[in-house]
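Have a look at this one before I ask anything.
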Amino acid sequence: MQLSSPSVQDRAPTPPQGRPLIVDARAVHAWYGSSHVLHGIDLQIARGETVGLLGRNGMGKSTLIRTLLGHVTQRDGQITLFGQDASRARPHEVARLGVAYVPEGRGVFPNLSVRENLVMAARRGRDGRQDWSFERVLETFPRLRERLTNLGSQLSGGEQQMLSIGRALMTHPELIVLDEATEGLAPLIVAEIWRVIGDIRGSGIATLIVDRDYRKVLARSDRALVLQKGQAVLAGPSAEVAADPTLPSYLGV
Amino acid sequence: MNRRSSPLFVALVFAALALFPLVAGNYGIDFVTKVMIYAVLALSLELLVGSTGLVCFGQAAFFGIGAYATVLLSPQSGAPSLLWLLPACMLAAGAYALFVGALSLRTKGVYFIMVTLAFAQMAYYVVHDTPLGGGTDGIYLYSKPAIGAWLDLDKPLTLYAFTLACLLAVFGFLALLLRSRFGRALAGIRVNEQRMRATGFSTYPYKLAAFVISGALAGLAGFLFAVKDGYVNPEMMSWHLSGAVLIMIILGGLGHLRGALIGAFAFALLQEFFKSEAIFGGFAKHWHLGLGLTIIASVALLPRGLVGVPGQVRERLVGKGMSSRRADASEVRNEHA
Amino acid sequence: MSTPEVLLRGTGLTRRWGGLVAVDQVSLALERGSVHAVIGTNGAGKSTLINMLSGEIPPSSGSVELLGQDVTAWTQPRRARAGLGRSYQRNTIYPSFTVFENCRLAAQARTQKPWAWWHSAQACEASTSTARDVASRAGLDDMLDRASGLLSHGQKRQLEIAMCLATGPEVLLLDEPLAGMGAEETDRMLALLEALRPGHAILLVEHDMDAVFRIADRITVMVNGAVIASDTPDAVRASPEVQAAYLGDH
Amino acid sequence: QAAPKLKVGLMLPATGTFAALGTAIENGFRLYVAEQGGKLGGREVEFVKVDDESDPAKATDNVNKLIKRDNVDVLVGTVHSGVAMAMAKVAKETGTLLIVPNAGAGAVTGPMCAPNIFRSSFSNWQTGYATGEAVAKRGHKKVATITWKYAAGDEMVAGFKEAFEKAGGSVVKELNLPFPNVEFQALLTDLAATKPDATFAFFAGGGAVKFVKDYAGAGLKKSIPLYGTGFLTDGTLEAQGDAAEGIFTALHYADSLGTPRDNAFRLAYAKAYKLQPDVYAVQGYDAGQMLGVGLAAVKGDASKKGEFAAALEKAKIDSPRGTFTLSKAHNPVQDFYLRQVVGKENKSTGLASKALADPARGCKM
Amino acid sequence: MPVASRGNGRLPPPEMDIATFLIQCLNALQYGLLLFLVASGLTLIFGIMGVINLAHGSFYMIGAYMAFALAPIVDATFGGGFFSTLLIGMVLAVLLGYVLEWAFFSFLYEREHLQQVLMTYGLILVFEEARSLLVGDDVHGVNPPPLLAGTLPLGEMMTYPVYRLFVSGVCLAVALGMYFVFTRTRLGMMIRAGSANREMVQSLGIDIKFLYRVVFAAGVALAVLAGMVAAPVSSVYPGMGNSVLILSFVVVVIGGIGSIRGALLAALLIGVVDTFGKVLLPQAAGVLVYVLMALILLWKPDGLFKAG
């Protein structure tokens, strides 16, 4: 398997044998203007796998995600998604390959009603799956059902978060990318989200997750990657990462 | 992004304007006087659009009111004194701005644009459809204002110097204003009014003050225009002029005082250039085409307007692409999405 | 200890959005020297409550009292000048300004002097030093000259708090200040709140229960607009009602 | 040795609504100069052009451009009255010769009149007055008027009313709509409810086309005969189609007058420009003639304004429209034809008014 | 001397019988519908896409000139007269819109909105001049198709052109169609979403560039359709685009940006105010529309119908 940055050669993220890789990114660099934000990061995600992405504020987690998704155009490196070269792919092409995105800050459409936010996103999965129906999303987040006709801008912060996740599910992704998806959610709902993540993992959907609750992330993910100033400083099976004595220093705890 | 105007450039411009009469003929002086008046008008609008984020589409009304006041307040015989006439005209324009601003600042964004247009159109129809200001044919100014014998605006050179002084004064005043606390508060209002209110700025009076100042300065431009032409006409208040001034400041580059200056000159010179029979011969009558294409090209190639040109050249030389700017802009925009 | 001084009091606050009662007859008092946490399910009306207290939206009914004065009819800026500061759940910053200017402008609210148009704003010592101070307290020392729109999400959250502090409020209404912050920043923020506690009255809306139970002196729990409990942290944690509606197995 | 060239400043609309009129005037003017071998008063003519955009707010600048920058000897222009007023003011102040080839504002040869200002076209009052006489003569008693609410419209209606009431008729309704609004339906309904004997209308260009079509479309053409000053159907017949058929208008020119002078002019014009001339072309042509006459008298020296004016005041201009002279205020004293639209032409049916002179109210000269 | 004429403008106050009143109502309705049609393209490009499109008037003008200049060519090659001209004109308009978006607008979305003002201003100048070069500066009339050329009797002495009914019909069809597409279809939702957050729309697998290109083309096609349909009623003349531009913005803004219902209602309201204003308050007819707009926006700062 490929190795990530030199310092972690011995702990390269090795996905479980036999499962096909749906994300295979190697030596990813990214820039915002003249500032070099990502310095050669490797990331692999296999089908159905949950991968956690950790690091302090401003270390490049979101940038890595946005680079994989094609939103950061100043990038370098080799990105393969579902076996296809996506190094230069545009965001909508990435999405159509089966990647859904729940961005930090939620990205709810403020001028669309809750129903419209959901309905507009609906799409069949790669294999024709349509198990995440409108109804099922509303069952998962009952609060949304009460707010169906409200505009996105009229929702509480947590409601927006639910809507954003629900909307991602409506696209029937193979990989769902959650950037701080539990931000602003009540503990009960957070538990529910983690349960849903577990569910979708069970149904073979892979997850790339960023969350401030690093313990939960490490506990619920298969593998994890820790970023520090745009470099991968720790990578490997989550249990190993969790046990690593240097982890607290990278997370500032 | 701090918006420091480059003082050297501005100083050079004003120096060039001061020396210009030495080399120019009658027409040149006339022409530059006109452009300087438009520059004053553009500066007045820049205060609203570029600095406060209030896109006013009725600036011509304040301009026109200043001009009409000049003519209507002037006595039939004998030169009126500049000392009271000028303030009176600015006051008249400012008073209408107070009225318009007090009402239209209740609205935002495009709605604000349209309400200011509506009030400007009302002023337009008052002079257009009533005998007050001579109707559609306009009215004449009989004698031009003066202060005693030493400042007689009837003399083109005196008018030139006076206009230049006004332009300099307005520019200097606005430059000071924008770096003051008042100016920073306006900038804050442009970027995020909600936060301004939450931190304790009563934004309405701030915006209203900016609106009135802007209106009065537009009135000053109107005064100068009426004095220069000695003739006013309802078309001075039409939305075409409001639009043209807006075009000037966008072309020059929003958010910079010198952008208004550059824009006014660029717009006027471009028109003259494409209208010139000496260069284009018979095709000069199709000057709209050349002007239009130039404007389109400038939007495509100069994302920051004319003021951004030096920066772009520098970036080119250093070999830094424009993509960084784009990433920045989209990021900043999404913040409000 | 003398009887605690109530700095901000909301009485019978109600807000309707069409048919929805977002906040229903909520009363609470914020005392100097204490942190009062408001927790509750999503959409319970916590942000709406803050909006009413800070004057961002008018209540459908009820009243607000600030430093002993009835301020229900006051505009938001006026309340802010009287010593009420707030942060937003969604970043509400000046994205095109530098971090420093964001803080400085907020600090300027205390010394507005709009008529002094010949004085440069940057020359105002009071606001520049306050700006540096609050930026450093929020952990943004290194970023003073960065355009704030280009910060990472968590950094923007830090800035949000810095701007709230810059106005030097006596009463702070913080809407999920810890959301989006990493562990290190969370600790820093809690320490900051701890340091602010004496002399200030703080309303903290948060979903991070560890943090809430660590710092709150009193907790109000809201569900569907109504208060279902308002008590000491221990009592709230023990309440079966609160556990069922909000905490779960926390 | 050759005298220096005579600089003629043409200030006409090249863009905007009046562009076509500007072209016709320029063509007419150039035709006359060409007929004279490119020379007037012994001096070769050189043209300097400015597009006035029909914008009075820019008018003073544009005139200054011609006078101060290009140092023209003579100014010719323009179509729009507001612009012409600004031109007249500058001409009056600087003493530059000005010939107005269209704009009918009363003031140009009224309060603004000056020894160096001339008009080769008409005054608004004149056209209205001539129409008023004709409508009265055709036996109508109660008339409604309709026009845009701006100076030209007001002046024409005033002229019309003066003549019509003098002849014993009465104007029962005066309808206005804001310039340049072209939604006539409401006023047509109002007109139908008023039931006058006839309607007098002034519109021009696109507005005239739409008005005539709407008038016919509303079925009023049959029940309430439509009259107008000639602009209602001049240069617009192709666009108006059948709707204009039979309409009577009065103007100082008509298609196929049939006089030898007119035939020669039309032939020459058609040959030069592959276009049929219209009244604007005639006005341009006559502006050229007037300049020729004046310059001949001063041997090409445009600075001798007194002699120039004296010569013109005595002259009989042999225009395609018929000979005319100039009034004291320098406005043509001319015949007006009552024309009827037949086929695609404004055919003269006789005189509406003979040698009609503008009263030049307010002119002190 | 008859009493009726007592000097300029001092005529007896207008009075109206029932029949006249009803006819005026019809006029108001018809004018309002025409206004909506004219503004429909702007509702799309400006109201929904959020592009400040000053060139709307130019697209309208292009449509009108197409109706004039294209008709003989189409009739000669394909036959079918008016209706095939409409069809072919629309196809050309879509192409034009598509190319324009690609060449001039695709890079503007990420910039400051006022840059669009500058761009579309440049386009106005170019289009107007191109028109002058290609078809000249003359005024032209366009005849309604023979099928719709008749008139219906109305009141005692008036008639009503059938073609105007057709125009109203087209307008209603356009209004209904737009309303349906934008509020009821996913396409409409995507378009509205795109105006709020382009990046997120892309993340949902939608090619926003293509989508917006198509929408822009549709907006241009609507403006051109309006021009072609209105040509027989309004005739064809230089500067005609200018004269509808502001009024179209007024319609969109009074209605509430992004609301098609609002735009329709606003157009009808303007129709009523303009029609009755001209008759009952002729002195102020020019400003009435602006007074109306100012009043409505001061009363409802977000227009009649807030978008949603």
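Note that the chains take the letters A, B, C, D and E in the order they are written out, and that residue 1 is the start of every chain.
Note that in this section a residue touches a chain if its C-beta (ideal position, glycine included) is under 8 Å from a C-beta of that chain, and two chains touch if they have at least 3 such contacts.
Predicted model, so just to flag it, every value in this text is computed and none were measured.
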{"item": "Intersection of the contact lists for chain C and chain D", "value": "B"}
{"item": "Contact-richer chain pair (by C-beta pairs counted) among A-E and B-E", "value": "B-E"}
{"item": "Whole-Å gap between the CA centroids of chain A and chain C", "value": "30"}
{"item": "Euclidean distance of C-alpha centroids - chain B vs chain C, Å", "value": "42"}
{"item": "Whole-Å separation of chain centres (CA-atom averages), chain B against chain D", "value": "37"}
{"item": "Chain A residues counted as touching two or more neighbouring chains", "value": "32, 105, 107, 110"}
{"item": "Residue list for chain D, restricted to those that touch at least two other chains", "value": "15, 149, 154, 178-179"}
{"item": "Residues of chain B engaged with two or more neighbouring chains", "value": "125, 128-129, 288, 326, 328, 334, 337"}
{"item": "Chain E to chain D touching residues, read off their complex", "value": "1-2, 4-5, 8-9, 11, 14, 16-17, 20, 23-24, 27-28, 30-31, 128-129, 132, 136-141, 143, 151, 153-161, 164, 233-240, 243, 274-276, 278-279, 282, 285-286"}
{"item": "Residues of chain B defined as touching chain C within the complex", "value": "1-2, 173, 176-177, 179-185, 187-188, 191-192, 194-203, 206, 209, 328, 331-332, 335-336"}
{"item": "Of all residues in chain B, those that touch chain E in their complex", "value": "49, 55, 103-104, 106-108, 110-111, 114-115, 117-119, 121-122, 125, 128-129, 239, 243, 246-247, 250-251, 254, 286, 288-289, 291-296, 298-300, 303, 326, 329-330, 333-334, 337"}
{"item": "Contact set on chain B toward chain D in their complex", "value": "25-28, 30-31, 34, 125, 128-129, 135-138, 140, 228-231, 233-236, 238, 240-241, 275, 277, 284-285, 287-288"}
{"item": "Contact footprint of chain B on chain D as seen in their complex", "value": "14-15, 48-51, 55-57, 59-61, 64-65, 68-69, 81-82, 85-86, 89, 93, 105, 107, 149-152, 154, 178-179"}
